[in-house]
Amino acid sequence: MVGVIGDPEASRFAYLSLYALQHRGQEACGIISIDDDKKFLSHKSFGLVGEIFSKDQLDALHGTQAIGHNRYATHGGRSVQNIQPFSFNTSIGPLAIAHNGNLTNSTRLRRELEAQGSIFQSTSDTEVFMHLLAKGSSDDLQERIVEAMSKVQGAYSLALMGLGVLFAIRDPYGFRPLVIGKRKNAYIVVSETCALDLIDAELVREVEPGEVVKITPQGIESSLIVGGKKERSAFCSFESIYFSRPDSKVYGQHVYGVRKKLGEELALEDNVDADVVIAVPDSGVPMAIGYAAKAQLPFEVGLVRNHYVGRTFIEPNQAIRDFGVKLKLNPIRDVLYDKRVLVVDDSIVRGTTSTKIVRMIRNAGAKEVHMRIASPPITHSCYFGVDTPQRENLLAAQYHIKEMCEFIGADSLAFLSTEGLKKVLEDQSEQKYCMGCFGQGYLEAVNDEIKEQPTDQADGPGLRYP
Amino acid sequence: MVGVIGDPEASRFAYLSLYALQHRGQEACGIISIDDDKKFLSHKSFGLVGEIFSKDQLDALHGTQAIGHNRYATHGGRSVQNIQPFSFNTSIGPLAIAHNGNLTNSTRLRRELEAQGSIFQSTSDTEVFMHLLAKGSSDDLQERIVEAMSKVQGAYSLALMGLGVLFAIRDPYGFRPLVIGKRKNAYIVVSETCALDLIDAELVREVEPGEVVKITPQGIESSLIVGGKKERSAFCSFESIYFSRPDSKVYGQHVYGVRKKLGEELALEDNVDADVVIAVPDSGVPMAIGYAAKAQLPFEVGLVRNHYVGRTFIEPNQAIRDFGVKLKLNPIRDVLYDKRVLVVDDSIVRGTTSTKIVRMIRNAGAKEVHMRIASPPITHSCYFGVDTPQRENLLAAQYHIKEMCEFIGADSLAFLSTEGLKKVLEDQSEQKYCMGCFGQGYLEAVNDEIKEQPTDQADGPGLRYP
Amino acid sequence: MVGVIGDPEASRFAYLSLYALQHRGQEACGIISIDDDKKFLSHKSFGLVGEIFSKDQLDALHGTQAIGHNRYATHGGRSVQNIQPFSFNTSIGPLAIAHNGNLTNSTRLRRELEAQGSIFQSTSDTEVFMHLLAKGSSDDLQERIVEAMSKVQGAYSLALMGLGVLFAIRDPYGFRPLVIGKRKNAYIVVSETCALDLIDAELVREVEPGEVVKITPQGIESSLIVGGKKERSAFCSFESIYFSRPDSKVYGQHVYGVRKKLGEELALEDNVDADVVIAVPDSGVPMAIGYAAKAQLPFEVGLVRNHYVGRTFIEPNQAIRDFGVKLKLNPIRDVLYDKRVLVVDDSIVRGTTSTKIVRMIRNAGAKEVHMRIASPPITHSCYFGVDTPQRENLLAAQYHIKEMCEFIGADSLAFLSTEGLKKVLEDQSEQKYCMGCFGQGYLEAVNDEIKEQPTDQADGPGLRYP
Amino acid sequence: MVGVIGDPEASRFAYLSLYALQHRGQEACGIISIDDDKKFLSHKSFGLVGEIFSKDQLDALHGTQAIGHNRYATHGGRSVQNIQPFSFNTSIGPLAIAHNGNLTNSTRLRRELEAQGSIFQSTSDTEVFMHLLAKGSSDDLQERIVEAMSKVQGAYSLALMGLGVLFAIRDPYGFRPLVIGKRKNAYIVVSETCALDLIDAELVREVEPGEVVKITPQGIESSLIVGGKKERSAFCSFESIYFSRPDSKVYGQHVYGVRKKLGEELALEDNVDADVVIAVPDSGVPMAIGYAAKAQLPFEVGLVRNHYVGRTFIEPNQAIRDFGVKLKLNPIRDVLYDKRVLVVDDSIVRGTTSTKIVRMIRNAGAKEVHMRIASPPITHSCYFGVDTPQRENLLAAQYHIKEMCEFIGADSLAFLSTEGLKKVLEDQSEQKYCMGCFGQGYLEAVNDEIKEQPTDQADGPGLRYP
């Protein structure tokens, strides 16, 4: 997600930022700009940023203001109507919006709005925000934003653009990251700092949880914290573990360094004999390097990611061992053969990939395979924008660690403790993290929002599988 | 390049093999199969393997025999006529051919054939081989192959397919790799072993330099070495350094291990103080790991390769520092900031990329940048199938090391010595390597073939730049 | 425009009907169906019916109900959002709508709705109707339709589909045609009878001006005339003259026969010596045949329409006489050479095409060229759905007939009189026609609707050019 | 087929000519030009001329020389290799060729050439001509052409282009038309004069049967008749009846006028009571006008051709009467209802279309349907380039006229006599026509060529179906 104001190449900077943020969503992307005649111009399509914009199409997105969005393929329908940003007219002027996160009370709000005659075009929860803005009672956009924020619940980092103005908005818990950068006269709002690096913009600051920042071509005009500062934040810990790019600074911390420390912490908690430490690329690499350094074991590249994996692949009819994973990861037999291999990954979700990786490493001749995960077991679904599966599909929601180890076929399996995770993430920060997916934290912090959700995530795996 | 015989899924195995060998050529690819009615079926197009074959198109390539080819974008024209494999009729039946390598006397042979009334459809040197086969005097295909081999010079590994037969052919110096694998009843001929791994085929053996192996659905029927065994081979050293995949075994050696040893050897020859060792991905990674281990320095990931780089990119009008390289490589500021950085790469060709990498590392805050290359300076163009530029564009053909270091802006620069390279490559093998691009070796070994080439590569850089 | 209910091949019949009605709009088309799970399925795109539906796409449009639309390229923007049919949710269930015609008070209604917080997605006036339906106060859809009809003004023939129901709606003046057909158990609502002929459906009857017909799978359930029957209708005379297909029956009359009679009437009013009568294809052909028969002159094919004219064409740099028109029409020199040619066309709009046609006939060797138009001069723009240009671009709004004749370069020029037109159209019908574009009729009939339009059409050409 | 020399817009003129000649082939088309650096540039693709050339692609075809070709979909395979023009190198320089017609001894010549080691890339008989030119013994291109012409047999009109020269070549019987035009300094060789009309070129003259015309930028340099002038020509009568455009002059006669005379002649031979004469468009229209005038019956448009018929169409599952033909032809009920209809067509091939047309006219309410064909029964396949089906699929090869009439379901059926055809075609011309498909003429004229063809066409229908 990106918003730019104050440069005639606004749409180019939006494009470059989306390019840098491609890892945050690969289903579709789009850019909307406002030209000098106050006309909103748009180009949106399924596909990667580098594929869907031709030079002519990008050049046609004139103007000094633009917002852009990468869409993450979630279980919500694949429909061209759902590709963001969205633009819409209101009685106080035309607007465009891009949203990162997930509202937790959108179904109820949508029902209420439709009863009043509002027509929805997409299945996106973002459209709820649009209708709240359109029906707002004030003549001032900022007041309408505050009014809408009083109604929605859940995770949202937003770039909202009107004529001559760009708003950067973050929900009161600050689930998703959002930062402001500056390049010459232009201000750029992006999800991660890596986008600022690509375009040579300097980091100004993070948008605070609950903050509404109003930016004009003249600079940051005003800012307010809606509902005052929360007692505690709920930063998404999965951003640091897996989602963000390693060269980004997220929630004030360098992601690469956090991951390396997670690996080090895991090594400190661990105790196993191994000949070599390898990573499951890419997030696992700094974790494995940290682990190897702390455990004084050699780090090697045991699995190479294939750069040419496309989105579709034609399978053979004949059974081929570990076919799917071998397309994506190439085992280096030279490194693995006849070795006791310790392999570090960032997380286990369904467990199917881990199973294939363990078997692939064994087939390459490893004597032993020890799987190490540099975060705790994922026992709960995420309601705040990470596309984790239904709880019944989470391996750690169904099994104890011993059973998980058998399931994936490893010689041993260990996870980082939640204490270890908190030590790495929260010791260096005043802020608190959402660890809801690890069965921690969001129960207290964001109690209200999830009350209308099905309550199947009430108890932990220990209770279910004694 | 791939050839398959003896399985009803022949075209699928060809497809999978091309997929595994995508790094050998990304411009175009194609597959030709022979169906049960002895009809040749073909699908060829510009693009990556994963993009150009739909399930329907692949399913239409019926039959138990198939060959395939990935085309490497060389300075020769981008024309649909040049996409291999080629099929053609001869008086002894229809054939199809796929070629990896480069003939050195093709221009002369082409001229002679045209004077006899042969019509060429492509600008590919492979077509010369086709016309020689078509005009052969014998009724036996194997004899025609031997006859053709007596006329062509240079580098060629070939898969040649007729009705019910597949020939695997390698030139007498064995420039390019070629191996035979087996999967159940099927035989598969491929450039690198990584393709055999993907499809669960076992490695049978390498095709010998100068060997013509005849394979039928019943197995390897016969083999002969044309002109008897050469005194010495001329394996391409650049395959081991850069071109082949790290999980392949090439010329009998594991590529990952060779690269790690090149890094170790480079460390032994070197003497510099640094805080951290990083790699230019991907070939540089095992080299940097080897170097770091031998030099007892910490290895870190300082540059992350961007997975979403497409083939076209729209540049901004405003100058952005190191823009092109930043698209492809993301520097991890956390690793580089305030450090003395030693960065390991596989080679320097034109020097433009190295220059950008050095500057990018400095911009990320490094105190010192020491560039280390795990192979000798490239001073000569390749005539045997690697697409190195004209000699005047090779940095090491123009400058001494000190000047090169200034050109790329590093604090120091060092290359592996040719002795070091030979030690790593040839000590473990009875065979000899072509090191022509390093100003070594091919002068004696393959003297005849290059005589008709322009002689601008006669003297080395030392002579020209005292 | 088409609506189908009561057949499992509903979307196929919609597709075939759109195919037959392609002449009514070539910019874009779409179909929405409702499947057995009450889900709305849609396929819409720019292009011709025959181009944009693949078999798979059409087969995916399951269900026994469907509506479809061909979009006419008007000056309103070319945007994917404007492609009909539109689907939308309301508090009384999901609906889909397709609209033929033009609302005259849509700008004002849109402004009012936006002030109430409604969000518009398209620039289409049809969306006004949707919002009126969504905001309706009744729980009954038919009542909401009547309520909406009390607010909109102008020309509209609508197919409106809800779960299990299809409404056929026509504005109180009946500007655009709309008929109901039946095929086995299915009911089909279409703009012209030619679509019924293609799918072997029988014509049930026309929808009356102001009528709302409710159709369920059981048949026509009810019908009401909103506001009671109008004193007089305002059928579009241009449908009969030019727009409808010659094999359709429109407003109760056979189009071919009407056009032939217009030609006959024109001949009766005319008095010129000619050797041969030719037509400007296609609408001019029956007119020319009628003229020739009545004038006892030979009819010949002097201009052949080129069947392969695509939508784009690359022009030569060098000047070629009558290039644009020669691409579309091929003059038969054999017919024209050394002749006094009388050429019959349906109308003159800007006059540019007529100019080229006259010159092309002359260049083919005609001695004299007499242009005859089987309708009166077009002096006013249309506000009811025919895409005539702004008034200042209408040749007859700027010039007297003598000047027009000089402009197009003919030896003589004559139009059918408005009396002649009325005689042909209205003598055979109780109903009245809109002849607003001929400066007749809609001033009295539809006075209110145009009051909010700019009044530049107040006076006729006679006043301006004495 | 077209060749242009002497204008910097050569490829544009080729494009426009192909556009005008689109009716001669709709499967594929292509243009090859020669730029100022003597490089051959090419763009070829499946599809219509208007679809496959973008402005950029056409602009890239630089140079003052170009040839082009429209490919006719024949039973020979649909392969990109078969799209003309073809370019090829020879020992006396590069050439490009475009061919209209069909060689009758190509199979034998191909076999001979392959035995000598020639490699064929296409299944086109044109490639035989290329190999003969490439293997020619002379250093002079014109001599090689004459040598090749001494070997090939059958129908060929060729445009052959070398550096600075364009040859227009026609086989000794002159089966296919070929004319030379001039526009300013440029010479243009085309199949039909309608292409010259489109680009404002004047007709210079026809290429004579057996003639080789050499054209340079300076004009027509030389001409010779190979083998001297034949006693009699064999112009394709089907060109005049059906294939050529009505506005062309072919074999020295206006096609429209020929067709009208065929209709008149048919009326003279005929004797039937009817109320109205209609045509099967398009070639039938002048025939019907001629018939109606001579028979003093009214001519009406009873069938309108649909302008939007694409190349693919999705059929309904339910049976619809006369579906396929109704897509293409729309019956005007108003004209046909309760009438005795005489319908004129150019020919009957398989009889399936005629059957549908008769039924469609009846379904539109006609009392009687009398089918009249303005040419004789087609009893034999064509070997000279018209894609008539195998003889067993020709209705007139299987049935007598009475049976044919029953087959198509008409009330009566009559054909023009061969005497009538000859009277119209040959009375106005010194030349003779090939009427082989009517069981006449080519037996004596072109005896040799067909001897190697299967002899299933030896006896006529009368013999087989007494």
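Annotations
For clarity, chains are labelled A, B, C and D in written order, and residue numbers in each chain start from 1.
As a working rule, a contact is a pair of C-beta atoms (placed from the backbone, for glycine too) under 8 Å apart; a residue touches a chain by one contact, two chains touch by 3 or more.
For clarity, every value in this text was computed on a predicted model and none was experimentally measured.
Touching subunit A and subunit C at once is no chain at all.
Centre to centre, using the average C-alpha position, subunit C and subunit D are separated by 38 Å.
One inter-chain figure worth recording: subunit B and subunit C are separated by 63 Å, centre to centre, where each centre is the mean of the chain's CA atoms. Centre-to-centre separation of subunit B and subunit D, using mean CA positions: 51 Å. The residues of subunit A never reach two or more other chains; the list is empty.
Pairs of chains that satisfy the touch definition comprise A-B, A-C, B-D, C-D. Residues 80, 88-91, 114-121, 130-131, 134-136 of subunit B touch subunit D in their complex. Residue ranges on subunit B touching subunit A, taken from their complex, read 9, 12-13, 15-16, 19, 22-23, 26, 48-51, 53-55, 58, 194, 197-200, 245-247, 254, 256-257, 282, 285-286, 289, 293, 298-301, 304-305, 307-314, 316-318, 320-321, 326-327, 330-335.
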